[in-house]
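Here come two complexes built around chain A, the first alongside chain B, the second alongside chain C.
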Partner chain A sequence: MQLLRVHRTFPKLKKVITRRYSQALQLEENEYTDAPVYPPIIDTSLEARKLRIRQTLHKKIQEINTVEEKQIALNMPRFYGWQSIVLNDNKVPFNAMPLVQHYTRTHFQSIDKLPEIYAKSSPIADTIVQEIKSCIEECIATENEGVERNIVTSLDKPEKQQISDAHTKNIVKQINRIILNNLTDKVSHILSSQVDYDPRHEAFWFIGSVDLPWDVRKWRKKQKWYKGRLDQPLDRPVQYIGSPILTIRNHLPLKPIIDHSEAENPDFKVPKFSHIPESVGYFSEFRHGTNIPGFWPGDFDEFGLMSFHGRGHILDRSESFGPEDNLEALHCQAIKASFGWLLAQASYQGFTTFNDLTYPLVTQTVLTDGHLVSFYAYQLNTIVMHNDEVDSNPKHNVCFGTKPLELYETIENGKVKGLNEDVLKMLVQFYLNAPEERDHAMKPYLGKEEQIIADIEDDNRRCWLESRYKHLVANRPKHFLLPELYDWEKIYKIKFNTRFFEARRRPFEFDINPFKRRLDDHLPPYIPKVLRPYPKSRKKFETTYYPNV
Partner chain B sequence: MSTRWYPLYQRGNPQLRVFLPNFWMKLVQPCANQQPNLVQFHCSMEMTKHDIKNYLEKIYNVPVIDVKTRIALGKFRKDIGKGYVVKDDDIKFAYVTLPKTMKFEFPDIFEKKKGDTEDDMKSLDEAKKSFKSFIQRNKDRPDIPSWFSI
Partner chain C sequence: MKLSNVLYRQHVGFMFKKHWAVQGRRVPIDTSIEAKLKAKGIPVEDALEFVKEKPEPRERIEIIGKYEQVKPLDENHPDYKERPCLTLKNTSVLLEGISQAQVLTKSIIAEDKLPQRIEEMAELSAPKAVHEGVKKAILSANVFDCEQKKLPKIKDAERPAFNFPRILGISDRRKNEILTNKLLQLVEKSNDAEVTQNKYVVNDAECHSVFDKDGDLIKFQDVSGILVTSNKPMKHELNENDIPFIEIPDLYPVKHTVTLPPEHFYSENSKYPLRPSVSKKHPHTTWLHFNRTEVGNLYETPVTPTQILGRSLTHAFTVASAYAKQLHGEDVKDLPEPIHINCIQTDGQRFHFGVFELNTLNVDGTDGTKNVWYCKNDVKLYDSSRYLSGMPVLENYNPKVYGYINAFYNC
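Take a look at the complex of A and B:
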């Protein structure tokens, strides 16, 4: 330092010397090639630059080692959560089928018989149906007329729906118990499977090729830099939230219904739906994107076999919708539920909405109210449908579904009349569909040693990530809520600048947009002086371990 | 139906009747890209979803599947001349869903036809000509109003 103060020419002198020195080093490192090697020519237009930024983000998410960190990474750009379109499993508005199909990229096929892969289990199913028939009849009769259950209803959902779903739950539990008890010694996968009651199913993804929301377009019109690209498409976050009555899962995945290469078949058509979701009746809310298939990462049984859903919401639909739309509503419910569960399972295998599945996943869904039963088999082939891929991605998901079939005709004098054995057989065939070990890598995008955060050796990092992840997916309200914009401020400060003489104190006066705040844009917990390491530590704040994306 | 009070029934004639209910609906152009079977209205603040459905079904024979309503905040603006901030009235929006097979397209009310501009120019020229002739006719008698002539 003192030398620097000696004379003001000294810094200049120093620069000259160092430059010479570095040049000499560089010369040594240079390697000559016979043919000239040029760096690749890259497109420098704005669109191409933006695309490259997005692609590096996707690459970074792909390279993250653990499942939970990938989920946090998806949420990194938004501190207060994504404004996602919420798809519930038990709320289907009128004419929702085109939207649901486009948002889940699903081709729907109506069938009368189960797909071909179920043909093999047909003879066994016949004998099992004969064995369990009487038990099923008895349990249906008892649940309908033999017991009077006290159902507690809440005010947040229609009463009819809640009573119907509670009733269905009791019957489904009994039927599941009867079939499982009968099958445990006959097929091996039943004994190793797990049964969940009322699990939490959530899935999050981005959908492209959707029209801009009206207010976004209005905002863009005001911005100079959006001139010429006013209608540039926007990815819209979508969140599925559902809760089946009962699910069964296993440590092995089900066999694909159709070949994975078949997923690119152009016959599987998905209608394009670009209208705003609000015009159908789906609305958005701010929340962190979550992918939860009913268990936490690290569970051994991580592939779903089948799930049962109630269909009480049909009772709450207006009569003017008509029976045809009610049928479509059931299909919608099944598509949403199957896609949502499979996407959440896929995300535990290390795939995200930016990194596509490398193999198909399959699930079976049953919608029932205890009397009417409809069966759906769903194959998930692709989960990438953001704007860059939505038009070029040749793969589609496929859903095979039946109409609602009657399990029995009536109940008279405490006895079931006209039990439909074909329906019961289909249900048993769903149980008999055995999962199989796959001969390819199941988790290509996860680390070799660290696949979930429980594998991380560093105690601080592991504990921090664990608590951060659980807190994030809990979606509890923030401790410090979004800075409020009062009505009077909007009128007298933003719309009309009537108080120009006042000091600027509020965030909007400093051009701070709270919705642009990133997840890691906060002060970490403070370390009090007494707790800092002895003898002297300048570190005032604890370390955070957010994924670097 | 309306919000006007029906007079209490009294025996005998003549009976008092309400003939002009204050319910109204105004078809408006949607600002966002909506489904083709969705129609957007402004309506009277007192109308409920049931009123809207009955209004369209009973008076205009429009099949209605579903009705959604919302109330939008009126716009704030500065009073011209006075300079203070005033607020316009709130508006009730009604979104009416028609059956899937039906399509509604908002008509282009101010549609310009092919010959429209030519006609406009012609009438403008005529007006100019007649004004010139009027000036010519009256150049000797200024300060006399236009209607003061034979």
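Take a look at the complex of A and C:
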């Protein structure tokens, strides 16, 4: 009787309650095989189970179709963003080289002349240098003495650094203009390339094998299930944020400097740096991980050729750091900038920090202040360096870099004295390095028809994902303030239980960690009754299209 | 966040502080003892006079800080002048727009007419790859650039109190910078190296021009987004007889100096960004950006189309006159040879082309030698370029604009 009443109120319940026993009649005919087939034996230890959970997550991210959804998927576990170690491009602390090398898994090789693949363009470069030599001399002299500029500085950065960077920007624009204009008729890839000023470069990845922060260790000590694995390392999210002066990009990638198989060469050693990043001078910040190579997904020219960076931050370094560390700081800046840009480019090809590159990517980086120029060629071979892979991944990234070289000796009476043609030639060779079509699949982990959000056919889903993605990567402050444990609560409620008579309302009184919240753990926008579809709709909330990971 | 809610929950210290604050302001009760003592002839003295010593006057200490102290804007400021200077900056516009600009610069206008050579060269068709490049540039400026800055507030006239969510996107300054720079790069790339070698490109070049008009001192301060200069002065073959109206308009009842605020802190010299020693200093084409969020009327009314056109004329005049003053000295009036300059103004979508001929810097009255302004206004590069329901869109690309830009560069 009671069941009947229930059925009347919820008519659909009948369909939900199925009769299990009726299925027993359908016996499978092929239930028996000749040889016994056993299910695979799986390790049931806690660590193995956890590993399998992580691996399925990585697999799920790999199977997502579009670039933007993969980026959202990387951020799914954290509603308030990852507490990421922020690597900036305009500040390098003392002795940061080991950390930067470990975090980017980069082997650095100091060179005096460019790697072998540049040898082919040497004779053309010589003639071009002769053609543009006088123009370059003139533009350097003009920029230094001939143009009156009003440089506005802000208070957030050292004044010297800002003035130096502004000056560098002007010279780099001039030199780039002269070389591009000269090369357009001679090489075909220049006309189709795009030049960007001050683009936004951001990259996000996970790094393993870093010591635990003290507060995590303190928390683990209190948990009984962490007994015996107190010091188990943790994935640390890393975010690179930078803005080069000028970048050039093309729709084709550059040729690899070394063969992809060479990436596993054990000679390429990367020092392990397991100390916490705060010990060097890199700090963390809550933010959603972003991978942005200077343009949104959908732009045709998605491979970088070269980028120019200022080196004004060297002026702000303490004198006691010494020239050797200043040189290392330049190397660090180049490694961070190259890796960051390439990783962001790779993420637009569908790779993430959990799904490794299947082919190498190359970029060229120039650090300059208008007078001193250093050249770097960087090959990205691997981007997987999270905790499970950091020790077993045989591949390393390679960076070839020169010392800072003088472009000219002095400027006297408005004339440049002693222009160093070798340096100019190296620069021209960077421009001459032509991108090439590769004969393998460039986007193996992206869908066939849907590669970016704009390809999605469902209007609602496309619009929702587009706005969600842009909102996520904007990292704008939340509408509501972040959850916080106030000092008075810590004193009067936690340390000394003076308010035992009060009702428990705050999360810490229920042992809830408010930061342990997934990105989709929120109420979707409410649909007012008047806006719901006619005639009758019980759907109160709008649909969300978060990736299923 | 309002802190009081949290602080009220429990904070003994605040209660104490409040208590002290209240008690500290207590008024002493008059015990009338003073009057009684005085009546008995006993002298009463104020206790505070014994406690308090008068503070010695201290000299102001000049502290050498990280940054130079900004001097107060008063009569001792080195730039202070008694005579006010009526200043037009690149962030403001003239009230009467183009006609006021005409009076101020003493120019006559050839409407919708450019020099014959430019019109001919603009007809030449460019290769397809170049137009592809222009389309890329438009998309990259409007859609694909990753800047995410707060855009201006959205207002609905129907419900003015409604607060829309702030949208993040590409600011109009950045849009203009990207578009104009990429267009110029394309023009230069598609030209021969010999042509480009004779030109020089400066970004954000600032020009100041100070002149007298009918007894008022007037200063134009302008910034070229891009200033293209060349190694020899540019010459156009112009025929003034083509111009139908050679009258300068009468602004009555408005005075021509309206919306030029007087300033007392200024320098009396004109300024041209390139020094005389530079060989490629002769101005060729100046690109003016119209950033809608930055440029506005003094009285906060929306900027009208004629005001935007007026900007082109004053801008071209500023650059040309600053150059003329560098060439011939500060007091030059009628120029021995006219100076020509091209001007392209854009708000990222509409392009206003103009050619300015500077004949005289004597702008008093409306008679005598006049300057000439040839212009072709309101040419649209495209109809719309944005994300339309999640997809990048470029509608109705107009290939003619590139022709004009190319012609301006080559003449």
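One rule holds in what follows: the second predicted complex is superposed on the first by the 520 of 549 C-alpha atoms of A that agree within 3 Å, B and C clash if a C-alpha of one lies under 4 Å from a C-alpha of the other, contacts with A are read in each partner's own complex, and residues count from 1 in each chain.
The working rule: a contact is a pair of C-beta atoms (placed from the backbone, for glycine too) under 8 Å apart; a residue touches a chain by one contact, two chains touch by 3 or more.
Remember, it's a predicted structure, so these values are computed and weren't measured experimentally.
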Report task. Using the overlay on chain A, decide if chain B and chain C clash or can fit next to each other. Result -> fit
Requested in this report: Report for A:L180: first if it touches chain B alone, second if chain C alone, otherwise both or neither.
Outcome: second
Report task. Quick one: the Cα-centre angle at chain A between chain B and chain C, nearest 10 degrees, please. Result -> 100
Query raised in the report: If you stack the two complexes on chain A, which partner ends up touching A:Y492: first (chain B), second (chain C), both, or neither?
Result: both
Query raised in the report: Does the superposition put A:V280 against chain B (first), chain C (second), both, or neither?
Result: first
Query raised in the report: Thinking of the overlay built on chain A, is A:F94 touched by chain B (first), by chain C (second), by both, or by neither?
Result: first
Query raised in the report: Looking at the overlay, does A:F300 come into contact with chain B only (first), chain C only (second), both, or neither?
Result: second
Requested in this report: State whether chain B or chain C is in contact with more residues of chain A in the superposed arrangement.
Outcome: C
Requested in this report: Check the residue A:W214 against both partner chains and state whether it touches chain B (first), chain C (second), both, or neither.
Outcome: first
Query - Closest approach of chain C to chain B (Cα atoms, Å) - result: 13
Query raised in the report: What residues on chain A does chain C touch that chain B touches too?
Result: 492
Report summary line: In the complex, chain C touches chain A at residues 1, 6-7, 9-11, 66-67, 129, 133, 136-137, 139-140, 143-148, 168, 177-178, 181-182, 185, 188-193, 196-197, 200-206, 271, 273-275, 277-281, 387, 389-392
Query raised in the report: Any idea which chain A residues touch chain C in the complex?
Result: 131, 135, 138-139, 142, 145-150, 155, 159, 170, 173-174, 177-178, 180-182, 184-185, 190-192, 194-197, 199-200, 292, 294-296, 298-301, 414, 453-454, 456, 459, 462-463, 465-467, 470, 473-474, 476, 481, 486, 488, 492, 499
Report task. Please name which positions on chain A make contact with chain B in the complex. Result -> 93-95, 211, 213-214, 274-276, 278-281, 318, 320-321, 325, 491-492, 495-496, 498
Requested in this report: Quick one: which bits of chain B touch chain A in the complex? Just the residue numbers, please.
Outcome: 31-35, 37-38, 64-66, 68, 76, 78, 85, 95, 97, 100
